[in-house]
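Presented below are the structures under discussion, each in the form of structure tokens.
Presented sequentially are two complexes of chain A, the first with chain B as partner and the second with chain C.
Here is the complex of A and B:
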């Protein structure tokens, strides 16, 4: 686990920098069934990260390898585009979004 | 006014219509998506919808704002059903009202297309027998098709010369697909308009303009029962190479070919003086013949020969001359269409010799032929 490069970045005064950020992860549809859970928590994430790294962490943590490449993420209810740089804060809501089929 | 709902019970379409209706609106357009009982030959037993509710509401709100930025609509109501939905029931209803129908009709189409692509809702189909089920994928859901395809390409070319990571400072066009598409369409529209403009300026309705170099003036004239709708006016030059006498003439090789027009004029004077007395046809006919001969460059070519006395011989010469000219420059054929038809009419009686055969005659002919063949074949085989 890579330590955060700058301790001050988190902005959550009182947090211990090396502990990293923890986020809530929501899973839907096929991802929910594959992971066997609708919700989980990821801890120890670097505050400054990017889409690829977060996708990697989520895939590993919830054993989503079988559907890797078919889902994207949403951070705090906004889609994350490929290659986006992300700044995570404690309590952020990350969602695993498989192919949509509404309507 | 936007009315957005995710409901677990049946959708009440009439209620939605009331939500968006207004005395100022002349149109209420509605899309209702209902569940189908089949997919690729399998019988669908039931469907289950699931949503990322917070985000779905947020993105539906965003969709409403988007619609309002594009069309002038009054009320928008979007209702999506969640949980189990029986076959034939409505899973989604979109109702939009507007002053006139165009806006609401277009907005409804846009709304359902965008909703399928952007609002996080999922559908699972359960099939009859074998406990089979599947999460569906909307074709509008863009990242599905592109991501795996891209990764496959990268894998295939990883040992080739494709650069995997392009430094961001080298990327000049950073617009997304929709923006690129819009730009290309705008460019095509612009080009089309440009071409149309210059075509109209050059070819339509200003035959006499000094600015245009076009030699035709085409005006669209719709004609019932005809495929051609262009009325074309051809330029008929009063001067220029096309109006000059043609110097080749099969009967007179060369001596008079230098300045045809001048010689024509001289000839005219001479003829006026001499021929009038010798010819025995009425003066008006004589003048018309002479003018025709001069016009077609006949006299000057026959410098060394007298004009035939016989009117019919002169007419024949004129006809030959016309046929010759037509053969040399086909663009005159539209003026002279009647001339070539004379020939086939002359030949017809020679070409077709009619003979009437009776049935007996035909039978006899066939028997004769059979005999000939019979007699021939053994002879050939023996020799």
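Here is the complex of A and C:
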């Protein structure tokens, strides 16, 4: 388990720091079909993490192996590039976006 | 019956005559207009009267309207996205529109491809759209390409236009169009839609990323759903297609705020737009990077492992004795009341139309314990009749039913059953034994 993170300035002062961060995951297009859900929550994530670790957690939690490498991740509506270091906060929104090709 | 088909023939003939006359009239009118307002760098009286509502917007003005008049935009795909895009571009006064589509109008297109009418079923989509657009704006120049865009014709076509709109329905053509636009330096307005969601972005614009920068690897074909299988609510590509036209118009006008390096996600379900910031151009992109590997168009069907259409191709997973044709199935299941018929389509499709007495178990649930016990219960009621007991499987076109046979053979291996699927699916059923059964 990740060590508890230090509360940040302006964070939830006074409360016990949680054991990890939980983020809201939104699944779009084919990812929604594959996962069988449009939305989910990931808990116990380390606040300081990186793209590879987040991608792995998301892929496993939502059974996205079949489309590995063909979708993008966005953190709070911002593209997550390969190798990015990430700082997660409770309630962050992670979007799983495969391309949609119909028309 | 004869009377109906006679009338239909007469009407088709008269429509063709009418179309020729209208074309003749338009050509004459256009000539006349040219004679009185021949200045190419000024708006005509007609232009001012027609476009005043948008010219008086400061961001457009006469300069913007002239820019639209002299612009050329290529729309690839004249379907759910291409129709609304073309309609708004024609309305806005774009001078030249190119339309590419290999396909003909089908009845199942009409709910979302609103340039096409009941009269145009069977007519090439480019022809049908061209007729409708000219009615909207007779001074519009339209180039029709009734052909499948491919690696040998794409550059030639794309080069003739200022901006390209991707309104296609398949992955392979999307990569083809991206590469063609990068190689010929054209901005690509890219939209897509399925079910209740849509996506929109502009690629290869002003040093922004291209499709390959964002999605370097095509999705595995089995994770891609087309509109025929997944469905699409007509107004959804309507929204996205209109937004595609809007982005193209903004590019012509030189507006800032172009949707480059951003992906707009539209959810009809929650009436929400999400704007996701994308990456910048990828220096190691295969086509637009610093050392591109792709310097000419490649084989995109091979690259994507999928056909460049949204039509399903048939697969062949079974031996001949694992299949049954429609008349034989009718004889056994309907006439002689033999066997069990499992329909593996979605519940929505099953509700639309189904063979009486068939049992609906969607393919994706077929090997779940509940489904298996449901089948076994159904078998127990009748199984004594025949040895081995026939289990028939149907789907829409005869692909999913083959997968289902293989799965059922495994989960029913302890039962004394012979599992077979209907070759050609319910399409074959409708054509060969029940003409009242809808083909969709």
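Methods note: the second predicted complex is superposed on the first by the 81 of 103 C-alpha atoms of A that agree within 3 Å, B and C clash if a C-alpha of one lies under 4 Å from a C-alpha of the other, contacts with A are read in each partner's own complex, and residues count from 1 in each chain.
The working rule: a residue touches a chain if its C-beta (ideal position, glycine included) is under 8 Å from a C-beta of that chain, and two chains touch if they have at least 3 such contacts.
Every value quoted in this text rests on a predicted model; they were computed, and no experiment measured them.
Annotation for the three-chain superposition on chain A: chain B and chain C clash. In the overlay built on the shared chain, the residue A:61 is in contact with neither chain B nor chain C.
Using the contact criterion defined above for the overlaid structures, shared-chain residue A:34 touches chain C, although it does not reach chain B.
Shared-chain residue A:100: touches chain B and chain C both. In the superposed model, A:72 makes contact with both chain B and chain C.
In the superposition on chain A, the residues of chain A contacted by chain B and by chain C overlap at 28-30, 69-70, 72, 74, 77-79, 95, 97-103.
On the chain C side of its complex with chain A, the touching residues are 77, 79-82, 167-171, 174, 191-194, 197-199, 211, 214-215, 217-220, 222-227, 230, 232, 237, 240, 263, 265, 274-279, 310.
On the chain B side of its complex with chain A, the touching residues are 33, 49-52, 54-56, 58-59, 80, 91-92, 112, 115-124, 135-138, 140-141, 143-144, 147-148, 151. Within the complex formed with chain C, the residues of chain A that make contact are 28-30, 33-34, 66-67, 69-72, 74, 77-79, 81, 95, 97-103. By the touch rule above, chain A contacts chain B in their complex via residues 26, 28-30, 69-70, 72, 74, 77-79, 82, 95, 97-103.
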